[in-house]
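Dropping the structures in below, format is structure tokens.
First subunit A sits with subunit B, and in the next complex the same chain sits with subunit C.
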Partner chain A sequence: MLSALGNPRQAAAQLMNFGLILSTAFMMWKGLSVISDSPSPIVVVLSGSMEPAFQRGDLLLLWNRNLFTETSVGEVVVYNVRDKDIPIVHRVISKFGTGPTAKLLTKGDNNDSDDTKLYAPGQNYLVREDIIGCVAPD
Partner chain B sequence: MYSSLVRLQNTFGFFTTVAFVVALLISASDFLSPRTPTVNVLKTTQLQTVKGRADYYSSKKEEYAIIKFTLDADLSSLFTWNTKQVFAYVTAEWPSAQNNNATNQAVIWDTIITAPSSDHLGNFSPSKLKRLRKSANGKGIDPSRGKLQLKNQRLKYPLTHPTGRLANTEDVQLKLHYNVQPWVGFLSWNQAQDWGKWKALKNGLSKKFTLPAIKVKEQAKKKTTKV
Partner chain C sequence: MATQEKITVYNLADLKNTTDDAIPNYLTSLSFTPSHILTDVRLALGFSAFALSAACFAWDYNFGFESTKTYTAFAVALYTILNGLLTFWIFYVEKGTIYQGTSPKGDKIRISTETKKNVPVYHMTIEVKDGKTGERKTLKISRSFTEWFDAAGRFVAAPLQTVLAQGVDVVGRVDTKRANAAKVEGGEAGPSAVYTPEMLAMLSGEGVSVVGSAAETARGTEAAEAKKGGKRRKN
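Up next, the complex of A and B:
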């Protein structure tokens, strides 16, 4: 390590190597993002509201494409409340209408009531756009 | 070349490969165990529509449906060694009045059925946990938990519609769904068709019914006419 300081060629190579590792990780993250069509393809569960299915700290792989069917009731989705950037993992419990304007209501399996109180003021339902992905595997 | 760091790296690399392959095999084992969920009874026993508010502070009056239903289902075949929990839920579904393509779907009742192996993960009260542990009797798999028997079950969640109108809604149907959560592998839901050993959930729909008109209002009218 110290000898590298005396050798600028070796130091530059080491720096390049380090940059390569960082950019590879970034490329993989963004590549996954493109494949799953989700701004954040892997999320960490922040609360215990879906226990015992998902514990706090569990990693979830998301899938945000509706290839065959629309997002429907019973699916576990990750959404962001309007103007807030905290991903919440909950289950869709009602859906009124179809298409991108369908009104969706979510609830954590372990919670007593639905998420109306969690949403932004004036926001009573979610739309498909608010959802950043559906939970694929466990 | 044979430094301890390289050896450690190789060992770790081999470990992750083996762990991944074992996980894949475990999740593939799910397809070998048959799933034959059956529904014996799913019917409504009471229907009513009332007016109410979402909460104390909301000014908007909406129509709420009050439904009581009876359910007798056997989901015990969903419990295998890889099952962490089964989430069973009943939805009310009805087509939209404006166009038939749009549908309305709302969960009216649900339950988390943990496998004995995941009892400790649920947020159960100590007494319930004790009861669950006792019922499992030390077994790792307890298929008897998959037997659902509800009589005149009330709604768990208020049933309304964004428009606030629900009375006289036609072609409402109750449907039982389930979601199996494995320890390792993908989430799976009830399917409409058979996939190999996984059979479709038959008879999981109730008869179509129409929500009645609002009763409370009529009674109020009668009162005013009497006076």
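Up next, the complex of A and C:
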């Protein structure tokens, strides 16, 4: 196995095999990311704020392209609060305007109030840019 | 000499890999000149794919996803192409080749090997091109692994070298000692008549992991008597 690394080519070949395993896994992730246009195409549901639809620990596949229709009210979206890295999975409950500057308000199904408290201080709504993907319908 | 490594005789991959590593050692000890083209292309393809993915990781880590999206898309596509080429190279061009080179007399040789799942038989396909006449030949030799592994899993080089020296004239011309040794009547069915399991164990217990006939001459007496089929007790 690793014992007889007598010649450099054999050592290089084994190093290459190891490196290719890592890089293929990474490239598959990046490929999925590019196809769905989302920086994080697979997310884990972290809280119970969307029960009973999504439970804690569920894996969600995201799609961040608006090929046919814009993000509309009723869709479940994932967003990061400005400058934070925690993805929040909630539903869009109201929308003002159209296009990339439309203002979106979200709320967790299992929460009592909307997400205004969760947004950054001074932020009262989301725009399409903040959203990193919509949950793909099953 | 240090005690030899033992491999698991039931693990076909171990048997094949150990034998695959031994054949290039043997041929190199006979002053064959190996040709590294196959390995080098494979390494070039693999490492360039790895370098590409490392670069992709670096710019994604430093600049974030949004600004580097296009580069990442191209990188993924190029990586897929490189990996596809690498797979093609391994399956269709290399095709199980373990050695490619030229003998000191100018003959070219290429050895590819394979095993079938769960059958302990080593199939070698040897393509030779005569240096002087330019004539090409393809030989197939299939032997049971029991001919050069003893029951404990130690590898004994001598029987394998004899099989090659007697089976392939290009090798036999260079390794005359083995080519003229007692004929190895082996085959897929069972071990050779000359090297019984006891003798294999004795030879390996000697610490015989040397390669090539030059080293064998040093311990010539024991090996010669073993080849004659005599039961010789070591004390």
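As a working rule, the second predicted complex is superposed on the first by the 126 of 138 C-alpha atoms of A that agree within 3 Å, B and C clash if a C-alpha of one lies under 4 Å from a C-alpha of the other, contacts with A are read in each partner's own complex, and residues count from 1 in each chain.
One rule holds in what follows: a contact is a pair of C-beta atoms (placed from the backbone, for glycine too) under 8 Å apart; a residue touches a chain by one contact, two chains touch by 3 or more.
A quick note: this is a predicted structure, and the numbers were derived from the prediction, not measured.
A.B. asks: Do subunit B and subunit C fit side by side on subunit A after the overlay, or clash?
C.D. replies: fit
A.B. asks: Answer with first, second, both or neither: which of subunit B and subunit C does A:Gly31 touch in the superposed model?
C.D. replies: second
A.B. asks: Counting only touches as set out at the top, which of subunit B and subunit C does A:Asp58 meet: first, second, both, neither?
C.D. replies: The answer is neither, since A:Asp58 touches no partner chain.
A.B. asks: Touch test for A:Ser72: subunit B only (first), subunit C only (second), both, or neither?
C.D. replies: Once the two structures are laid over each other on A, A:Ser72 reaches subunit B alone.
A.B. asks: Tell me which partner touches more residues of subunit A in the superposed arrangement, subunit B or subunit C.
C.D. replies: So, of the two partners, B touches more residues of subunit A.
A.B. asks: Answer with first, second, both or neither: which of subunit B and subunit C does A:Ala12 touch in the superposed model?
C.D. replies: A:Ala12 sits against subunit C, while subunit B stays out of touch.
A.B. asks: Name the contact category of A:Phe96: first (subunit B only), second (subunit C only), both, or neither.
C.D. replies: first
A.B. asks: Consider the C-alpha centres of subunit B and subunit C from the C-alpha centre of subunit A, and write down the angle between them to the nearest 10 degrees.
C.D. replies: Result: 140 degrees, to the nearest ten.
A.B. asks: If we overlay the two complexes on their shared chain A, which of subunit B and subunit C does A:Asn110 touch? Say first, second, both or neither.
C.D. replies: First partner only, subunit B.
A.B. asks: In the superposed model, how near does subunit B get to subunit C, counting Cα atoms only, in Å?
C.D. replies: Result, nearest C-alpha distance in the overlay: 5 Å.
A.B. asks: Share the list of subunit A residues that count as touching for subunit B in one structure and for subunit C in the other.
C.D. replies: Shared contact residues on subunit A: none.
A.B. asks: Would you pull the subunit A residues touching subunit B in the complex into a rising list?
C.D. replies: Where subunit A meets subunit B, its residues are 48, 51-53, 55, 72-74, 76, 91, 93-99, 102-103, 105, 107, 109-110, 113-114, 116, 124-125, 135-138.
A.B. asks: For a test of understanding, state which residues of subunit B touch subunit A in their complex under the given definition.
C.D. replies: Residues 54, 84-85, 87, 89, 91, 96, 101-107, 110, 112, 114, 118, 121-123, 157, 161-162, 177, 179, 181-187, 189 of subunit B touch subunit A in their complex.
A.B. asks: For subunit C, which residues are in contact with subunit A within the complex?
C.D. replies: 5, 17, 21, 36, 39-40, 42-43, 46-47, 49-50, 52-54, 56-57, 60, 64-66, 69, 72-73, 75-76, 79-80, 83
A.B. asks: Could you pull out which subunit A residues touch subunit C in their complex?
C.D. replies: Listed in rising order, the residues of subunit A that touch subunit C are 1, 3-4, 9, 12-13, 16-17, 19-20, 22-24, 26-27, 30-31, 33-34, 37, 39.
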